[in-house]
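The chains carry the letters A, B, C, D and E, assigned in the order they are written, with residues numbered from 1 in each.
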């Protein structure tokens, strides 16, 4: 029997795709095999398959900013199928969108690319008070559409944060029972902090920690600046001499703040900017130990060929095949 | 077997009513056959059957504006049966109303015309604060009354929009599981925008997008004006030179904003106005690629014969048999 | 917009893996995208990925025949992990087993290969009366373990068939709602037919039809003999001169009986036999339009290297890269 | 950070109780931390704590055989508290009993010893037909009483086996979700086999396999004889020359049949017999790789001091501190 | 039988670990054996096992104060596994943390130390208005993770206190039905009292009473000062000459206020301060009849060896083996 076991173990080791994928899965010891299977799917798809790095295409701007601001620059993007195809052709790990956009292509692209259903969204037609998105989907809808994960946005620093934390808590429990992955967009915003504070290093690190404590498998935050927002935090950063001078150092600190590097943290591309600036940012994310990028406007607002070329260059940086 | 298959396919093609209906159904690939069946019913009924165009009679003004404001001009309309019969005689695709109005005729007119149960409504006896309708029906009530669809109003730009989005999310999930169509009235209104903004082209296009993202099969919006409400949008409309000069151009933009034309968008008739103005509006909707009109007060407040004549002329414009 | 659409369609066509996979998915138009996604997963994994052909490893013999009869010939198979690894190394489309066997490896092999949870099983310690398996799993367990499909055995011709049909009906409804695929093992057996009748061409074709009518996505039957069991059927086979002389002809007839070839029908390998006989059988299945094989004992009872070589040869026949 | 991680790992390794316990827990990768916690509790209690070996006291004979047959020999046992105390004083890993017996002492002995609630039981006042126990408890009752596990008896070879398999399937799903361990008593019995067959090596090995496939964490079977009951099995045992001559060899075969040794298998003491015969049996179980014993009548029917001495000697054999 | 009973009782008494544990359990006569079992587990683990005294490690500061303020002083603490191991190595009775931190180690440390799932938490990125934490876990999650208790914070004196009282009421009812212990952090805070009032002796005693009345099994409060906040209370303290001069006297009064000493009251360590000051405080808690300490920042922010030494000294004071 000992021999039989040895055979199993050797063979298993040989045939296993990506030791890094296995290593990352091992951090999620409380999750059932269904959730781990979907987490593996996200890591085993696209050009970065097996590397433990991520480039995800998110398209919720139609809901968040309106159609013209999102798609007029590249009108092909009005058609929901465009984004499935773009994510697939570029070799992204996954495509994330609200209910309507996924419904409009999920059958046509069934099985082609892992999907993430965004379960809450804010529109820009009303902007009074502290932000709180509307619930726009459900875990059962994610199963119906063949998704691997649910996505959810929290706004720490909003007066309505508890509402959001309570919602994601409930959705997380259900998603984990049903074998799905939970991706949390953690964007501090609201009357608790200043505008600059939204990307302050202390605030972004804190936002990552909150998402992890709420049970997220994957956390998305913004690349942090060197600004420190909170006085109580400032004292600690100075006393402990936490290095936050370069972006790579700040990324490293955010990753550390996400359970000592044992949760997947990815970074948003933010507003459209020059391509070379994005590549610099991606290099810093990579060098700081970040797990990848989620890039919306900077990809789908470019013409298709340019977008694919752009996304592949980003992937090459993460894969280590480009500087 | 190849031959058998060919036979099946040819025969199916021959007997299919309206290739356009099939084409439209193909946009809804995530829906079950029950929902597609009801969507087909809406498209295969009345004078516009098979064209993919719609003229729907909605009568919720009794609830929304009160009985005298709604029915005194044509007192026959106090009787709920009047509207079933009007919609039927005029050859509308469907008749939409709140629970009470449908209950009062659903048996008598069973099978005569597709019905849409409006599941939320606002009355005018209280008007404080930002608008939010009351839930006045359910998906199970829609089944009980033999409806093909549920209808629901959202008010983007209201401080209470999240309440409405959350309600329609839940109703949509249930309606789709039970094989019904979801029609969303998307009317921006509330403290987020100005009065003019309610029909601004950027706002109406955005409202259509929101309804689609929430999972609506059919979206109803108001004909947009050339006004642009939001500064961030204005920049894009100007930079991208989106044509919004004529109503037809604006309709085209709204239709494009509804998933690149892959969702059914229909337009309200709005307030009572001169007949010729309505016909002009309908021609512009048709020329801009709109899918039809939903016309309440402009039809049921006229004497019956005049209303029928009026509705048929609208249909003739959509059918292309009138200019 | 027309141009944008064209772009989408061309690009999608280009990047789509396996036109045959899309064609097969198109037969399941009533299923939601979740189920189609899992069906695509089964077709896009392993050495036959993209061909629409299947070789599945099933290991329920431990439950059905007992451990020694199943695993003593190749004792490595006592360890549940052995079979995950064997299916993976050989390049099978999927691995199917009862609850316990899947639980014992699902985390370790999470994401490595599509799984099918067998939801009912019979043991051989009691054999009185007509056969009826016990329910040994659930749809929620399949989600928990990250499975793509449920598997279920029916015994048409058993006095207890209605019990099984009722169970699979209920499980099928739930599985389809939750985005899983339904695989039905349809094995006529019981007092309704003779021993020879279990593999009679009329009976096997009938068994395939019953499974399809019950809503199965994938049907597994035994390779049929030329025997015709039922008198009423015999008349028709003779009158219509249905060709059943060769195995390929009989396979063709069974596939036709499964909704004119629009359901996936795969064939069991049956009892261990000579390798060349199996290859002949596989060639006949391929030539008759069968979709593949599900091969248990003939693979896992051989030494690992031999089993992998054997399974790959079977796959080569299906792939058309071997005669 | 690398240093911090190293510190954690070293320290964790140092402080971890019982590498063998961790090794066994690693076999149950699909279970949640709650179930693993309770499985660890069973392994970390009593004189065998940390060894991965078990001696469990079960007292369901009051229900199964009646009070006089069970307790008259040692009347202290009429009192339910006697058995809690006996299990505790002797240093057993756990105490197992039906609802009533646990209710009568669970508060008094709360926290003193892990408890197993037997969820089904048969009485001897009716004995017609093939055996099938009654459900006599629930998973929620197990939580209410502070139990670490549920226990359940199946009778493979009974005409009513499917009833039992279906029940344990449902209970297992619930118990695992709520963090409890599942112990299955697998006792082949009924019209499917002969009386000798109940302890035949092929049948006992098969019974262990069935329990594992049904999802049991711990399986209890009877020590097997060298008899082989089923003709089909006999051929295999002879052909493969499976060694079943000594009890230790047979135990080894049963353990192998329980997922290649990756499930905990314990053995019943069976009918009261001479003490030296029991010790011989325990030595063989130990030498064959069995995980322990569950000893009822042979312990609680002796006077307390003698029983404690007896149980401790059994434990010493398992601990390797006695021959 | 009388003799048998006597035997049972004597033997039980002999073998019972810790008469003090039994005495404390006897105060909770309305609780089911499941809850008592978990309460006993808390009292029977670690270096204070059996004494009825507690030292608990709580680590919710990552959520409450942010990662840098919590872990930068001792970066090993960014890794969630560090705290499990620290609590275990130091010999704490239990480890308490929010969902994410427990999920990240619960499988690896399954069965090693009793866990408390904190079910609500506040972050510091928003601080407007009266405090009210977000719900961040559930009773079912506590079962899934193998916890012995739930933890919950109430803020008496907050305008939102009723929200919290309502939440804990519901969670308490569920936790008690499912056999878990309820630990309430009772921290008066908000517009109802002054800053000094938060630790005023009358307020702390009142906070303990409220938690007991809400059904808490274990109450955590802050060490009280001699300040008396409320005028109405002041009159009584003066009239009845309640001794509140020394900390030990105040602790005694708080313990008395928690149902005459029949509920477990433990005290927070508060902000980091000098070690000798903490030991003084602990001695006063011990002398005043307090049941123990819950010490977060003062332990996990020190280097590991120092923290273990520190915690053991605290335990020695409670155990009476140190002055």
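What we mean here is this: contacts are C-beta pairs under 8 Å (C-beta built on N, C-alpha and C of every residue); 3 or more make two chains touch, one makes a residue touch a chain.
In this text, all values refer to a predicted model and were calculated from it rather than measured experimentally.
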Co-neighbours of chain D and chain A - touch as defined: C, E
Steps in the shortest chain-to-chain touch route ending at chain E and beginning at chain B: 2
Other chains in touch with both chain B and chain D: A, C
Relative to chain D, chain with the most remote C-alpha centre: B
Interchain centroid distance [CA atoms averaged], chain A/chain C, Å: 37
Where chain B and chain C are represented by their mean Cα positions, the distance between them in whole Å: 46
Touching two or more other chains - residues of chain A: 1, 4-5, 29-30, 32-33, 75, 78-79, 82, 106-108, 140, 144-145, 177, 256, 260-261
Chain contact graph, described as a line, ring, star, complete graph or other shape: other
Interchain contacts (touch definition) - all pairs: A-B, A-C, A-D, A-E, B-C, C-D, D-E
In the complex with chain B, residue positions of chain A that touch it: 62-63, 65-69, 72-73, 75, 78-80, 82, 98-108, 121, 123-129, 132-138, 140-141, 144-145
Residues of chain D touching chain A in the complex: 1, 4-5, 29-30, 32-33, 177, 256, 260-261
Chain B residues within the chain A interface of the complex: 27-31, 156-159, 161-162, 165-166, 169-170, 173, 188, 190-193, 202-203, 205-210, 212-216, 230, 232-233, 236-237, 240, 242, 253, 256-257, 259-263
Footprint of chain D on chain E - complex, ascending: 1, 4-5, 7-8, 11-12, 14-17, 21, 25, 32-41, 43-44, 75-76, 78-79, 81-82, 84-85, 88-89, 106-112, 140, 143-147, 177-179, 304
